[in-house]
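My structure is below; once you've seen it, I'll send some questions.
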Amino acid sequence: MGRRILSHFGLIVAVVIVLFPILWVLRTSLVPAQDSYSAAILPSVTLDNYRALFAEKNFGRNYMNSLVVASLSVIVAMPLAAMTGYAFARFRTGGRLARLATLASQMLPPVALALPTFMLFRNVGLTNSLTGLTIVYAAINLPFLTWILMGFFEAIPEDLEGAAMTDGATRWGAFWRVVLPVAAPGIMAAAVLGFILSWNEFLFALILGGSNTATVPVALASLQTSNGVQISNVAAGVSLAILPLMIAAKFIQKYLVEGLSFGSVK
Amino acid sequence: MSEIKLNKVSRDYGLGIFGVRDVSLEIEEGEFMVLLGPSGCGKSTTLRMIAGLEETTDGQISIAGRDVTRLAPRHRNVAVVFQSYALYPHMSVRENMRFGMKMRKTPRDEQDRRIAQAASVLGLQPYLDRKPSALSGGQRQRVALGRAIVREPDVFLMDEPLSNLDAKLRGEMRQELVKLHRRVGKTTVFVTHDHVEAMTMGDRICIMRNGRVEQVGVPLEVYARPRNTFVAQFLATPAMNLIEAQLNAEGEAVMLSAGPIAGPLPEREAALYRAAVERKLLFGLRAEDIVTQPRPGAQAFQGIVTVLEALGPENLIVVETAGQSVSARVDRHFLPRIGDEVTLYADLAHTHLFDAASGDAIAREV
Amino acid sequence: MSEIKLNKVSRDYGLGIFGVRDVSLEIEEGEFMVLLGPSGCGKSTTLRMIAGLEETTDGQISIAGRDVTRLAPRHRNVAVVFQSYALYPHMSVRENMRFGMKMRKTPRDEQDRRIAQAASVLGLQPYLDRKPSALSGGQRQRVALGRAIVREPDVFLMDEPLSNLDAKLRGEMRQELVKLHRRVGKTTVFVTHDHVEAMTMGDRICIMRNGRVEQVGVPLEVYARPRNTFVAQFLATPAMNLIEAQLNAEGEAVMLSAGPIAGPLPEREAALYRAAVERKLLFGLRAEDIVTQPRPGAQAFQGIVTVLEALGPENLIVVETAGQSVSARVDRHFLPRIGDEVTLYADLAHTHLFDAASGDAIAREV
Amino acid sequence: MGRRILSHFGLIVAVVIVLFPILWVLRTSLVPAQDSYSAAILPSVTLDNYRALFAEKNFGRNYMNSLVVASLSVIVAMPLAAMTGYAFARFRTGGRLARLATLASQMLPPVALALPTFMLFRNVGLTNSLTGLTIVYAAINLPFLTWILMGFFEAIPEDLEGAAMTDGATRWGAFWRVVLPVAAPGIMAAAVLGFILSWNEFLFALILGGSNTATVPVALASLQTSNGVQISNVAAGVSLAILPLMIAAKFIQKYLVEGLSFGSVK
């Protein structure tokens, strides 16, 4: 019993350590600028920092850009990733080489790809465009989602598809009506991860974007690097940047935790 | 009409590895055919080839006179009951049953009628709206059956459907399946490694080993006349006793000499096996043909009891004698102690003889 | 000295859910105790509590007179054979066996000696340097056994060790395990859901249901005198026939009236059960006590054959009569056809009687 | 048969598409600077570009920095991650909250953390130091490795530890002698991924590093952004940046592919 209390105490401490910076950022975003560095927890509450962010820094545009690019890149990559992952899982398509290429593409240093991508995109007129950024993020998401979904599909017993196919479904029908619904929690989890991957991406957004197409991370960086950092504005921006993550955590934590404990898809 | 014909069917995995090799088998309309054998013998592969879930690399398979060798599973009109049940986990029991009919565009009211009927036959009414994960193993098994039945397929293919059940439930489902088959009357192929299931369920059984067919026949006939020692031993627990033996002619009589068991064969057996005199043989006798009371044609022998298994209704004993272990299935009142010397009687009227080298049964001269 | 005592042992999962509840059981030095019951009855949990792998939330467990309730598994000197075998996949067979001895600092040459001996007893010599993944299911099972034996523990704990084997192999390993136990002579607890294993292997059996003990005793005694209908039905296939019944005194005689089966109880049974006259009862009769030939004390009845299972050495039949299904285990030569009307004889000398409401056996007046 | 050739053809095309840019970068790094933009495949071969990189750009220092920081961060994080992942897998320590916090920490936008980290590190004197960078990378690797290892440990049957513990091992001994060796392929794979994650990291390396502590990605970025990009030097740098990845792919592809097909640890 004593041991249990001890380990729970340790956990609470750990959670506080993890959460404290986030909570403090949230707090800083909600107090007037002059109180940013005060030790008082909540001297007074205001939404001025958020208002300033949207009114003066055009943060609404950045936010929309991020939402559009991150969502579209997942929507574009997911069907392809599902089919490729299924092919890898069931037909051993391409064997080890194809799997390795998928993994390897995840491991290329983004910096090494930045310049070639920029030059290529400039030639075809895709710099400073959300389309260009969506394409890049879809290309990043594709192997990532493929790999994750491959794992989920491998965990689904093949007999399920055998049953569907003798029940009258085509191979495609078995995939569509049985495999996909069964893998749904995993697919949801993968989609959330892919979204967040794109949402947080900084390097390509910086290189390929312009002022109209800047995403949230680019905007945050410029807030932080501009002369005389306004910490309260930064805090508001960071709070908003974390918002989708918190929504995801709140509403689909079940999917996230169950879907991503690898190999435990029921 | 939904007979199944396999004509020299093979499953070649490449590199000279065969899952199934040159299997020919005819399963009649309405027949309950059991494929029996140890794990890896190719019985499940054969079933999956009939279903179209495994590629047939050589030979032809026809169902109801139609060559289905290259057809997709959905065009074969077969229903498979998987060992794992393979229920759709995201669908309710009702939707699981409906799926196949929906795929085949059965009218909706006909779907409902068949589901209601199958649920009533299988006692699944209370569970129709549950997900499979909320069911016990036995209930899942019934759902898998129900899903197959409502389809009204030409052929049922069952891949060890009882092996995930408790011993208790397995015995009950065995009888239920046979009753079901009698009612539905559809051609059924049933794969199992359990010889009790094979004996009790099959109209005929097909015993396989190493991808090939060893013997096909009515269970009691195969039991009475196994074609070789593998079949003889596989089809019973305890396995048939096998003892190196020789026959010698002494005038009219044929004398058997098999380790501890020696004596003249009864008249009928003597006539049948006269030609096998002086060959190297294996003498086979089933455990239930070794009895505790003398009877005509039975030869007495002594042995030390090394195993006694009191099952309740009867006892299994093993005696050691002349370096041989001999198993006997005896009356429940015969309860010797381990180490006792007992006298048993080998009923030579049930003699089996096999060639010592090949293991094949000695041809009887009828 | 390595007897095991469980004193009101419980496993409380919280929220009023118990895996095991108030189980008391004494297992004697050298005894082979079988825990038998359907899945979820708490038998595996009990075994894991003895091993220390499951927390004991209430009660005491002692091994060899020592209270081990709060001891870590490694301090209990028990060896567990798991259903999954749980062989260390990264170690060879030899290293698997050596592991436990290394942990206990057994001298190296003693380790080698014991490994060699166990390998020879279990026929594992050719596989000592293989990894478990290169072995068949039966071989893995033997390695799991070998790993337990070389440790020379006080107690063997076996959790359904045969359930992953083929029917055939299971029967053989059953006998081997009993022989092994006889040679090693160590206290053994063996968990199974298979009543045949329980009957044939146990010195005593402990039948569990819903986390509680239903009956403990020598197999044949429990078989002969089940304490309630659950035990009566669980301990055999087919399950004991149970028919609603009543007894009526007619002078000296006691008349049984149980559906199709009616008649005077034999003298001895009449004396035993006289006090149960006019109560609502269940009449129980085992399948082997329904015979095909008349005998003294046996009451004839007619029925329609609905199931015939020809096992080879014997047949199981089910007849329908007066709305009752009655199972009988009959001679292999008795081969009626489905739908035939047959006459059978219920041997009332083997009558079991239970209270209709509680299912408890009616106390015999001895 | 026709279908097979077709799908293999498709695969070969896919592989060429994936590999071509990498091969072309390698080619560019091996030809003299004046041939960089020529269409000839290998007009002549030289190592001058590499020599220049090391002699003029101090790339050797960058390379060592990256190797040290990436290796140390994995070495520091791995034992902690293994123990945490094991606790999550076996004892449900912290329940869903702790798992979620682990996942969530992966999803915080790095840009949002950059400024606070920089300010904190400047106060304690960890900017422009490899120690500081190692700490950051270990902190990034810890939840990542924890999550991956949790999946591997969950896939190992608990009976294995039960067997080890009745065989005389402590819980720790069972973990050390049985669980870890069985999970070894997964741990190797996770270590490689963690190394590459750190190896490729750009943002924190840029913010926290100085000229002496610049890592390979920072050096590549400066090569690309300096006036008059010397494409042949960039190509040599990129080739070297990819080198550890290729070594990993070559020598431990078995671990990578088997260890990471989630849920299939034997």
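The letters A, B, C and D name the chains in turn, as written, and every chain counts its residues from 1.
In this section, contacts are C-beta pairs under 8 Å (C-beta built on N, C-alpha and C of every residue); 3 or more make two chains touch, one makes a residue touch a chain.
It should be emphasised that the depicted structure is a prediction, and the values quoted were computed from it without experimental measurement.
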{"item": "Each chain counted as touching chain A and chain C at once", "value": "B, D"}
{"item": "Most extensive contact between chains (C-beta pair count)", "value": "A-D"}
{"item": "Distance from the mean Cα position of chain B to that of chain A, given in whole angstrom", "value": "56"}
{"item": "Centre-to-centre distance between chain D and chain A (centres being mean Cα positions), rounded to whole Å", "value": "19"}
{"item": "Chain B and chain C: spacing of chain centres that average the CA atoms, whole Å", "value": "25"}
{"item": "Touching two or more other chains - residue numbers and ranges from chain B", "value": "none"}
{"item": "Residues of chain A engaged with two or more neighbouring chains", "value": "none"}
{"item": "Chain-level touch network, classified as line, ring, star, complete or other", "value": "ring"}
{"item": "Chain pairs that touch, as defined at the top of this document", "value": "A-B, A-D, B-C, C-D"}
{"item": "Chain B partner contacts - residues on chain C that touch it in the complex", "value": "38-39, 137, 166-168, 171, 174-175, 178-179, 182, 193-196, 199-200, 219-220, 223, 234-239, 286-288, 306-307, 309-314, 316, 318, 329, 332, 338"}
{"item": "Contact set on chain A toward chain D in their complex", "value": "7, 11, 14-15, 18-19, 21-22, 25, 93-94, 96-101, 103-105, 107-112, 114-116, 147-148, 150-152, 154-155, 193, 196, 199-200, 202-203, 216-217, 220-221, 224, 229, 234, 237-238, 241-242, 245, 248-249, 253, 256-257, 260-264"}
{"item": "Partner chain A, residues of chain B touching it in the complex", "value": "48, 51-53, 72-74, 76, 78-80, 82-84, 86-90, 99-100, 103-104, 133, 147, 151, 157"}
{"item": "Contact set on chain D toward chain C in their complex", "value": "157, 159-160, 162-171, 173, 177-178, 181-182, 184, 266"}
